[in-house]
Amino acid sequence: MLVEALIAVPLVGAAVVAVAPNEYAERLALGVSAVPLVGSLYMYLAFDGSGNALLGGDVAYETFFEWLTLGPYAVNYHVGLDGVSLPLVVMTTVLTTLSILSAWTPIDDRQRQFYGLMLFMEAALVGVFAALDFLLWFVFWEAVLVPMYFLIGVWGGPRRKYAAIKFFVYTNIASLVMFIGFFALVFGLGDAVGSTGLPEIAQALRAGQLGALGLPGTGAAIPADVLALSAFVAMFVGFAVKVPVVPFHTWLPDAHVEAPTPASVMLAGVLLKMGTYALLRFNFTMLPEQATTLAVPIAAVAVVSVIYGALLALAQSDLKRIVAYSSVSSMGYVILGLVAYSYYGVGGATFQMIAHGLISGLLFMTVGVFYNATHTRMVGDMSGLADRMPVTASVFVAGAFAYMGLPLMAGFAAELFIFLGAFRSTVLPAAPLFTAAAMFGIVVVAGYLLWAMQRSLFGPFRLETDYDVGRAPVHDVAAIVTLVGLIVLLGTAPELLYDMMSDATIDVVEMGGELP
Amino acid sequence: MSRHWLVLAPAGAFLAAALALFVIDAVDRDSTNPTVLSAVATAGGVVAAAASAVLLLSNAATLPAELFGGQLVVDGTSLIFTFIFGSVTALVSLASLDYTRGLPFRAEYYLLVTLAATGMSLMASANSLAVVFVALELSSLPSYALVAYLKHNRGSVEAALKYFLVGALSSSILLYGISLVYAATGSLLFADVASAAGEAAATYPGVLGVGILLVLGGVAFKTASVPFHFWAPAAYEGAPAPVAAFLSSASKAAGFVVAFRVFVVAFPIDAVANPSTYAVDWVLAFTVLAVLTMTIGNFAAATQEEVKRMLAYSSIGHAGYVLMGLAALTGVGGVDAESTALGASMLHLLVYGFMNTGAFLFIALGEHWELGRTFEAYNGLAEDAPVACVAMTVFMFSLAGLPVGGGFLSKYFLVVGAIGAGVWWLGAVLAVNSALSLFYYSRVVKAMWIEAPADDREIEGYPPALYAAIVTAAVVTVLLLPGLAVFDGAAFDAAAALL
Amino acid sequence: MVLSSVPAEYYLVLSAAVFCTGLFGILTRENALMFLMSVELMLNAANINLVAFSFYWGTLTGQVFTLFTMALAAAEVAIGIGIILVLYRNFDDVDVTGPTTLRW
Amino acid sequence: MAVAPYEMLAFLLFALVTVGASLGVVLVRDVWHSALMLGVALLSVAIHYVLLRAAFLAAMQVLVYVGGVLILITFAVMLVRRESGPETEVAP
Amino acid sequence: MVTVAGIYAYAPAIAALPLASFLVALFAGRWLPKKGALAGILATGGSLVLSAVTLVELVLTGEGYDERLYTFVAPAETFDLGFGVLIDPLSAAMLVIVSLIAFLVHVFSLGYMNDEGEPGLPRYYAGLGLFSFSMLAFVFASNLLMAFVFFELVGLCSWLLIGHWYREAAPPSAAKKAFLVTRFGDYFFLVGLVGVLATFGTARFAGEGGFPAVAEHALAGETTVNTFGFAPETWFAVLGLLVLGGALGKSAQFPLHTWLPDAMEGPTPVSALIHAATMVAAGVFLLARMYGFYALLPTVLAIIAFTGGFTALFAATMAVVKDEIKQVLAYSTISQYGYMMLALGAGGYVAAFFHLTTHAVFKALLFLGAGSVIVAMHHEEDMWLMGGLKEEMRVTYLTFVAGSLALAGIFPFAGFWSKDEVLFETLVHGLGANPLLLGGYLLGLSAVFVTGFYTLRMVMLTFHGDPRTDAAADPHGVGWNVKFPLAVLGVLATVGGYLNPAPLAKLTGAEVDFLHRYLDGPASEELLTSAHHYGDLTHKWAGYTAGSVAGSESATMLAGAGLSLALALAGAGTAFVLYRGPDPDRHTEGLGDLRTVLVSNYYQDEYQVWLAEGLTLRAATAADTFDQGVIDGAVDTVSSVSLFSGDRLRRLQTGVVTNYAALIALSVLLGLAAFAVVGGWL
């Protein structure tokens, strides 16, 4: 019942915070979010699962009871954590707590609603990563969007309305596409599955029970392989929007730029990971054969995301936009790692989810701290901030270098694993070329981050806006410094998470690897 | 025998409430306490809903129970729908306490509501074309009057006029269709029509076919399906908001229960549309109707400037979703898939009963506060009325199919049913439309929460009954997400029993 | 006993003609009262059918149902006239094409 | 089974009346004359009922329609008709 | 008595001590009396002692050390991802060099930086500490992964320290450029690293299990590795070139040399430590470290040699026209590393390391000397504004001259010996096997003249003649902490050549080629990192054999040495003649257009800036336009088309009820007609 507690505490907390007086909301929210944080850390320490949750692994903290029945399908309440989802849950609780800290300064309006939504989102995110039944998962999946919509729409920047609607509608359409794709699979399985449980479906697919899907009325049927391929594509496109993968990425910069800092942190840190998590869980775990068939286009998309995203970041002058586009770039690595279907590729992709979550969260938070002080994010509007805000600037430097894949920080470990895995991929033709092309991203990322830092942090102090720039408040510094610590910790000791991740992904790899 | 009559308890509750209102109004014309009136009507609805639920979910009565020589039948379908009518009536009556405060003819208002509800509950139980027509008129006639309730309001009157004129046209079309069906089959009882349909389709395919199509037209009017929907935007917009809630939720559901029963029971598709005895393929007709209805409803809703009218069009769009239940009866997917589809339609109407009623009641709140009609009028309302806005947000997202309320599950069931029944592309159309609907529903949410409030707005007082109704609807909508499990079995069983 | 009479098809044609006439009236006339009267014609067309086939099928169902429809038609007219009267009061006219504020 | 000729004749005659009066209802410009034509049409329908061996129904038709509905319509015509113009000229 | 393993077990502490000083300076530096300088001095001093002990131990016991210390992630698949310590002659010597220079620079900084009342000193010392840590760890890295990790970290430190004076505009820009250009090289290194791991499953340098050994076996056909469909020779050459990319970047070789002159924006001790003696050496050291691999690849060796020779000359010519003292030194550094590359490419493993060692000493000396001058000149770097400093700054002058003569390759200073050996190796291998190397030799030889010229020009302009400004006339005094490092380095620059006086050894037969013997020592035997092993490899796989002029090795040697010494003297003499006198002319202006080209650094910066800004940035802007216009435009189009059609559809609702009736009737009729046709009612 620990997972339920992890969901229920923020949910109840959200309700409490939402009716609390504004002036107590922030402290209350911090207190509430500490509970799941501690809980998830405990769960990390006491984790005893093994294997992949979908492929018959030993799931930790499992709960199961019946919910609905729908024709031949039982829809159950089924949650549990394995080595892939547990780290993501921990990251969610960590980032939520830190985002709440980082919200203290910028959010000066309707605080109780804000913190209520943050906690609500935390609950939904934990649900997304823990759910093992498709419908339950989908409920959480969609529930995440609602608070984010408000967070962007209410507390966002000048074009927040456009950004919020775009985010909301775009990602929802993607969910629909994915939903359709998934259900095509379920129907193709026919009587082989009796529920919408993900493990059941994954294992039925693995057992090759996917049949042709009859097209009633025409007498024709979609053959199983066509069905699987189209389902794969539909799900891939659906999740690709979330990740986001070029060319489905244009909602992201808008959303990020307009979102308030804590929302950006959660968006980049956790929400994007939903997409890659789902890709791993659905596309790459359930349909390895299709994934390997489409390996080249997928890898191409990944490479394009990396390079094109980095180029776009280079063209921006809004710090947040830079970080936003660089997320597109970084998430391309994850796709590349997944499609490699190798031990280090998939494991590294999983690790990159965490690494990128922490690093991009850190950068957004730091940009937010600057913004709080300067009220601008345009690179050209400021310079020499390091002069006035040395600690924050140092943290930004640390975050930027982590983003560039500086060794001994989490990003390097992740990228190294991905590159190693992708380079040797047996699934991907010309794997070294794809890998080398994607790796060029590390140069471009250095280019735009260094350039941005040079122009905004260094040089003589100058600010176009009329604000007194002083040192950042303690809670902001605490949040960002904590993240730096975590990033260095994971970068020097990736084993802390990589062990359980690889344990959970090795089954997936074997499925892909064993194919001819 | 006594238990036999027990199954009429839901309809009886409505009728009793109506009669009680009659008496109250007759006895004490001038000083009638509005709370009492509202309470009586609400109690009628609650009792009807409760009785339906009890009958449906317990084994208190043997179902299906036929009454009056088979003219009426009470089965799972009728009980599910009387539950919807009861709930909507209760919510609307409760909300109307505040809404009609200060208006004349309150007793008549509640009387018309309860009478219309009585008509609807009869529609749910109708087992003969005659009863269908009578019950339909019984529910329609009070509705016309209800729309015109604000008789000094030109919008209300115009709405009533259009509603009435299109309604009268449709009811004559329906009646003419019934007469043709009677001409072809020689009976009005569903069972007899069904048994004669095959031969009639062989002998007089044209007469039967035209008859069925005209009946379809009459039903399409009641369900506000394209192209019989023209009255709906006007009526929903012009009518007092609680009445609009009542019409768009309960009245529409009543139209659907008639559609389900008439077409599924009286015109078995394999009798009227098989190659040897082909009169009319009404499944095909419903398919066309479903696509048109959801698409036109949603697309027209997307560009509205007024919230109420947007809701009116969205209500049309939802009718299109529900029509999928009938469009799925292609005979391809087997009984399981078809009962899933049809049951999903019922479940959608059930959830819709709460979320749509709630949404219109929220509009009623806006009218109570005299906010204005446009989206802009609701700008920043969340600051003044957070609870109501939370509720409205739940309604909007649930209507859009996000899993914050039961609307997600029922849409999901619809898609699953459609896919199972082989009309998977209808599921895709639904998906596209849902995506679009999210856009315009979220406009309301955006206005309430995101936009800056107008400066000169004054909210005087928070009407307790209206609030109670809205909050209840919201809570039920949310609870129906996990709680649809209570009803889904019953709905699928009911659908299977029809088929 | 089967009575010989005019063939049923004749009544079908008659009722169809009346129905179409009513429909024509609805489509062409703008006076609300004309609308109402046209509807009455259409209802009567249906009634003719019902009675005719009640005769031909040798059951009373159609006739009984016709009684109901008469009552309902009357009620409908009553309601309709009520609405037309408030329409007249609000718009000073009974032209159905007049009020077009609720559109699009 | 042959149709009795007079019956056929009566049907045709009154069918003509019914259709003619119906057309009159929808074609005559004056509302009041339309109402009168409607009365004719309804009465001729009653005749059809008689031909169909439904005398009671015919009586009801006369009572309910001609006696009730038509009177209502007449009221309405009087209440809503414009006071000016040639249409107001009612037969003495 | 400490056992061998016992001593070596403390090897990680060599790096860990500076790490500790980094942490101290970072977190507590603000409150410390010298802002972390003392911690740094103590730490690097400790490192120096430990390194020395290690070296002694190595020499005495003749045993190497190669141990995995830390596993990055469990080697669940075939990749061997771990950090370890490799102590062999090469790394032990390099540890001493690095920790020595680091120690001296720390000491120097105490005078150079602290005296100015600088803000940001904790940051400075933290940077130095982190750098020392990274560099030392890089040196004893046991595998390519670890080497890459610390290779990157030193890059970070370089960025931090170049940009130390971030409040001005230029240093941050220079820091960015330095990092970016080296990053560009590191990209290839990373691809190469991944390729090496993917190919061999391991990235260990040494021993039978190391990848050079595996590669050799694979070439010999004794084992097979995954060569991704290429012939092993080709694939290994590709890997070698990829890793070489990293080395070119770090060691500032053409065409990735452009960052180093800019890096002089950093504090001068930093230039001495990082951008002259140690970090820039990392590239060369890396090649030497995995020389067992390069020795197998003749093509790559030739490329290395030619690049090195070309860079040596190319950079030297640019140094001729520079006016700032540190700029001259920067180009000279590039040039000197070109020599080392040339040596490596020519099979002169020992020569390369020898030159690395002497260069580290004399170049650090020159930079520190320049720093001393700059302090004295109140932070004026233009040599034309100096002059006549030799009187006021004796210690600086003497040590600087020693360093300059070493740089110029004048007998008997350190640089003469090492440069001579480089050229000698190139010559003999060029004569013996690969005529291409002769091209490299000629380039290197030409550079000798130029080096002599610009070195003496620098000395003359700085110290001789009359003071040309007030500041030069009355320089600021420097303290012991400046003089001490200068003195130490000055002595070493003078006598350092006797570490490996190969000509003497060859001519006399005396066993005085200590460095060669040391690098060939027993400790390297088992690790397969010995000099003669490399010699065998180049001989076997690259076909390197020694040739000679006139059939005699001695003659060749004497000819070569004489030639290079003559050229050096000629260059130096020319400069002396041109720039002597109290007020020398600006002779370089006589070069005309050539001078413009040289001052503009052959427009190398221009084209690289064009690549970065003209091409990449423009591509980025174009991509942004495309993204906003086409991709996002498509998204917006979908929504606006939907809304437009919605707006059309709602026009159906005309508001006129008669139209509704008509539409309803029409639909019904259409439906009837359709079904009449379908159902065949008619």
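Per-chain numbering from 1; labels A, B, C, D and E assigned in written order.
Convention: contacts are C-beta pairs under 8 Å (C-beta built on N, C-alpha and C of every residue); 3 or more make two chains touch, one makes a residue touch a chain.
No experiment lies behind these values; they were computed from the predicted model shown.
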Open item on the list: Does excluding chain E break the complex into separate pieces, and if so which chains end up together?
Closed with: one piece
Task: Any chain in contact with chain B as well as chain E - done: A, C
TODO: Could you tell me which chains make contact with chain D and chain E both?
DONE: C
Task: Geometric centre: closest chain by C-alpha means - done: A
Task: Relative to chain D, chain with the most remote C-alpha centre - done: E
Open item on the list: Taking the mean of the C-alpha atoms as each chain's centre, how many Å separate chain B from chain C?
Closed with: 26
Task: Averaged-CA centre spacing for the pair chain E and chain A, given as whole angstrom - done: 37
Open item on the list: Taking the mean of the C-alpha atoms as each chain's centre, how many Å separate chain A from chain B?
Closed with: 41
Task: Multi-chain contact sites of chain B, meaning residues that touch two or more partners - done: 161-162, 165, 169, 173, 233-234, 304, 439
Task: Contacts with two or more other chains, residues of chain A listed in rising order - done: 169
Open item on the list: Could you pull out the residues of chain C that touch at least 2 other chains?
Closed with: 22, 26, 36, 47, 52, 54, 84, 96, 99, 101-104
Task: Interchain pairs in contact, sorted by label - done: A-B, A-E, B-C, B-E, C-D, C-E
Task: Footprint of chain E on chain C - complex, ascending - done: 23, 26-27, 30, 96-97, 99-104
Open item on the list: Quick check on the complex: what are the chain A residues that touch chain B?
Closed with: 67-73, 110, 113, 135, 138-139, 142-143, 145-146, 149-150, 153-154, 160-161, 164-165, 168-169, 172-173, 176-177, 179-180, 183-184, 187, 214-217
Task: chain C-facing residues of chain E, complex - done: 650-651, 653-658, 661-662, 665
Open item on the list: Using the touch definition from the top, list the residues of chain D that touch chain C in their complex.
Closed with: 1-4, 7-8, 11, 15, 18-19, 22-23, 25-26, 31, 34-35, 38, 41-42, 45, 48-49, 51-54, 56-57, 60-61, 64-65, 68-69, 72-73, 75-77, 79-80
Open item on the list: Which residues of chain E touch chain A once you look at their complex with the stated criterion?
Closed with: 71-74, 76-77, 79, 81, 145, 148-150, 152-153, 156, 159, 163, 166-169, 171-173, 175-176, 179-180, 183-184, 186-187, 190-191, 194-195, 197-198, 226, 228, 612, 616-617, 619-621, 623-624, 627, 631-632, 635, 639
